[in-house]
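Labels for the chains are A, B, C and D, by order of writing; each one numbers its residues from 1.
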Amino acid sequence: MVTALARGLKDKEVVIMGAFSAIPMLASRVAQLTHAPNLTFICGGSGAVNPVLEPLPYSSCDDRLLKAECIYPLPDVIDLEARPEIDVFFAGGLQIDAKGSCNLIGIGEPGQMKFRGPGSVGLPFLSRARRFIIYTMGHNTRIFVPEVDFISGPGFIDQEVLSSGPSMVVTPLCVMDFENKKMRLKSLHPRVTVEMVTENTGFDLIIPDDVGETPLPTQEELVHMRRIDPMGAARDSIQ
Amino acid sequence: MVTALARGLKDKEVVIMGAFSAIPMLASRVAQLTHAPNLTFICGGSGAVNPVLEPLPYSSCDDRLLKAECIYPLPDVIDLEARPEIDVFFAGGLQIDAKGSCNLIGIGEPGQMKFRGPGSVGLPFLSRARRFIIYTMGHNTRIFVPEVDFISGPGFIDQEVLSSGPSMVVTPLCVMDFENKKMRLKSLHPRVTVEMVTENTGFDLIIPDDVGETPLPTQEELVHMRRIDPMGAARDSIQ
Amino acid sequence: MSREEKVIGVDEAVERFVQDGCVLGVGGMHMHNNAMAVIREIIRQKKRIKRLVTSPSACTNADMLIGAGLVEEIYCSYVGFEHLGLAFNFRKFAESGQLRVRDCDEAFSVYSLRGGASSLPFHPLPKGLETTSVPKLNQEDYKVTKDPFTGEDVLCVRSVQPDVSIVHCQKADAYGNAIFEGSKFTDFDMIKASDKVILQVEEVVPNEYILQKSHRIDVPGMLVDAIIDAPFGCHPTASHKYYTYDEDHLKEYLKASKEDFSAYLDKYVYGTKTNEDYLEVIGGREKATQLMERDIPW
Amino acid sequence: MSREEKVIGVDEAVERFVQDGCVLGVGGMHMHNNAMAVIREIIRQKKRIKRLVTSPSACTNADMLIGAGLVEEIYCSYVGFEHLGLAFNFRKFAESGQLRVRDCDEAFSVYSLRGGASSLPFHPLPKGLETTSVPKLNQEDYKVTKDPFTGEDVLCVRSVQPDVSIVHCQKADAYGNAIFEGSKFTDFDMIKASDKVILQVEEVVPNEYILQKSHRIDVPGMLVDAIIDAPFGCHPTASHKYYTYDEDHLKEYLKASKEDFSAYLDKYVYGTKTNEDYLEVIGGREKATQLMERDIPW
């Protein structure tokens, strides 16, 4: 997952992530140390900009992030989320649908949710980021649903938004992207089959002829990952 | 002037001043060191809160103000100016009228001012301070006019404002206050006569029977003033 | 005359400044800088909270007050425990209707407090945020006005001014001049927007220390009404640059909130009278040492 | 691959980032932190400014550009020289109609940039500010909308996003991570609101210095487009905690602006090609030493 996410980031981009982000933090730092030296990444609530990340912590607000190039106050980070400066927003959800909308509000009907989710946090700003990348620590039919019950972060919806929308989805099973605004399988992680993915996805995923294999980390990437994350925070994140 | 202003401040008040404020800065610090130990004063653009002020500088944004209890960023100071926290705002103007309105915009008609003033800066916030104190470095009929050409800071105007309005005016000649929302002579500085004041005021000032003499600084106040202001910035300010 | 100090006991601070039925702000974010010593005292004194205001990501600070049955409604951008899981008291009370949730988002959390801090009647939002379900779920706090420059519709949020806020800083002097040693989260805007502020600190430092560090002072004392000297007062959450969160205790908390939360409250809140008592019950000096000793890059 | 540095020459920075006809922001306040090395270069290159945006109190930064005949209009909260007197170029050009003044106030200066920084279409003002002459004089930038929560009229200001801003910081690394050693004035909001940012600094420090002081970094490098290494570049204004303003020179400037400003520009601006040239003309090392040596309380 880390490698796929890292390679999804380009040099000079500004990247932002919220809660529960050990994996995106690690991926961003690995990208910065390999192909994207001018990447800027901002770790959510902590306000850490380009933290050294040794060691990688579990919490996005951990004080171990504070060896960084700036501790940018959260209200300023949020101002930035509305500006064209943010190239990539890392997103997730309790539910994610075929058009890339994400839901953290809950499951059920307004006023009588049978499952009350934690809340939308920063996901509404997906409407303004240049693009966003969805990552999730599980891959099953409860998460990947035909249509989310509530929209916390809009994917390809009918209303016009500033964002070009979701560009990539990374799960513990596979990498996906979008074709005509619908989710499409792109590559399988080692030892994963197409059936494992389709069985665990609650809608008809577009399956192209040339589903590749998600590239393994290079030796260089592995060295960085082990140095940055000695506690294994990234591995522990996967459900 | 310093003594009159200092004694016009009460313990526990929060006081703010803008440009060209050597005298109010000195007065606030003297008040703090004598009868008002819980006074808080904020020096305009510098953001200095309760600066030590040794030495007292000429400019309200001087870095010599920065030995202080906080360097409060100016945008936060301005937020504070709109809050009920500010008890006293120090004000001034190119023109000041009988009702205590102040003008820094200019003299003449809109669109064709014959004298273009520097601009209103923070004076519009007079409408929100609990009360305000006017001080001026000159006392003449160009400054004290029947009605200001433009309102930068509203005194007792027809519209309702949150402020209780101007409470005191201190000039190089005298101290004034307000009776029924009109300016009234309160006390004369040493060697100043009632005639000197009325001749230099462009409207009918209320002259009560018991015009007092502005109290001289005590020995304690003088000691503080000399220590805080060795360069004589306060004295130099008077035109 | 001499200057008055603002350091008082937590019991006195809660009695004086937290009124029954108030709008309460609680600072900190996720499992960091939650002012728990003061929050535990609010629970001991059973103060009822009309409406709870938090940072964009609330944690135990909100969940414990909710679990104690004291909260009527909450502005909710997020209540949870990040990598440790969901907030069960919050879920239980929300799903059963005992807690009214006013759904909001990070933008609301920040701009509603900024509106409050600047005495604005309301605060507009950047375009795009009208596309989510949040404003539809909460039409009381999100409303549309006209942009007077273009005539276009603009979504706005209500300004929020808590009656009192409880915020944790690492250091303050006795007059309330305070320093956040780590992240400030949205606590500074909360302080600015609130009518009264109770500041919980790790240590009270001399005024001379403040004067030497004026470029590092985040909060001027005039904004602070009471200072609570409560070392380790954030436990079980972290205090930035002082100690980390207590993961074992948080897991015990989460288990209790799923099973029998009143037993948890009896043991750790009602069963302790002071912050010192509490620190003994959670493991005393040994636990404190363990939470302070860790790998840090700075 | 390696990381790209942003330190470039002042001539290149102005050529690349200051377009003819732009909305230009200039930082600093009163006679402090005016980024004069860059402003002199703008005058040398005769860049025309459509609209000038300043802090609530502009000084030489605005008056010199106006005196050089380059400014079409200005958002004016205050242009002057505090205890040293009025700004004569500003007065002359305003009174003669060569400069269009869009009257505003401190609230506009701050909230219009905050609106720009937060991508808001407009920014409401606190009640009371509608009682002055300012909104009547400037109906283009002050307009009324409805508070959607109460239905009441609310005065609002236009949001402002300068095309490019010129700001002075004391220190930055080569990637633009920067520190204000003294007051920040409204420069940080200006940086946030601007499309491009040219940062003039007293010294370029190593990235390692920044990482050691992360709690003191005011500006993250991603917001900065060019860094100009210009020691004493604020002269004749002060650079906080580095040197004070040159009162003798400012008096010479004010006299020249009353009498023959083109002679001043010929000598100090057109007659110098670089910041180093300029520093020689104003008195070299001796002058610099004099402005650095003074009584300071810290």
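In the analysis below, a contact is a pair of C-beta atoms (placed from the backbone, for glycine too) under 8 Å apart; a residue touches a chain by one contact, two chains touch by 3 or more.
Keep in mind that this is a model prediction, so the values were computed, not measured.
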item: Intersection of contact partners for chain A and chain C; value: D
item: Length of the shortest touching-chain route, chain C through to chain D; value: 1
item: Centroid comparison with chain B (C-alpha atoms), farthest chain; value: A
item: Separation of mean Cα positions, chain B and chain A [Å, integer]; value: 56
item: Separation of mean Cα positions, chain C and chain B [Å, integer]; value: 39
item: Cα-centroid distance, chain B relative to chain D, in whole angstrom; value: 27
item: Sites on chain C at which at least two other chains make contact; value: 118-119, 126-127, 182, 214-215, 298
item: Touching two or more other chains - residue numbers and ranges from chain B; value: 48, 52, 66-67, 71, 82, 128
item: Pairs of chains found to touch, sorted by chain label; value: A-C, A-D, B-C, B-D, C-D
item: Chain D-facing residues of chain C, complex; value: 111, 118-127, 143-150, 152, 154, 156, 158, 181-182, 214-216, 298
item: Chain B-touching residues of chain C, taken from the complex the two chains share; value: 1-4, 117-119, 173, 175, 177, 192, 207, 210-211, 214-215, 217-223
item: Complex contact set, residues of chain B against chain C; value: 11, 14, 35-38, 40, 48-49, 52, 66-72, 76, 79-80, 82-83, 85, 128
item: Complex interface listing, chain A residues touching chain C; value: 19-20, 22, 45-48, 52-55, 58-64, 66-67, 71, 73-75, 78, 81-82, 103-105, 110, 113-116, 118-125, 127-128, 150-154, 157, 159, 161-163, 236-237
item: In the complex with chain B, residue positions of chain D that touch it; value: 29-32, 55-57, 76-80, 82-83, 86-87, 90-91, 94-95, 101, 103-107, 110, 114, 126-129, 131-134, 136-137, 182-186, 188-189, 238, 240-241, 244-245, 294-298
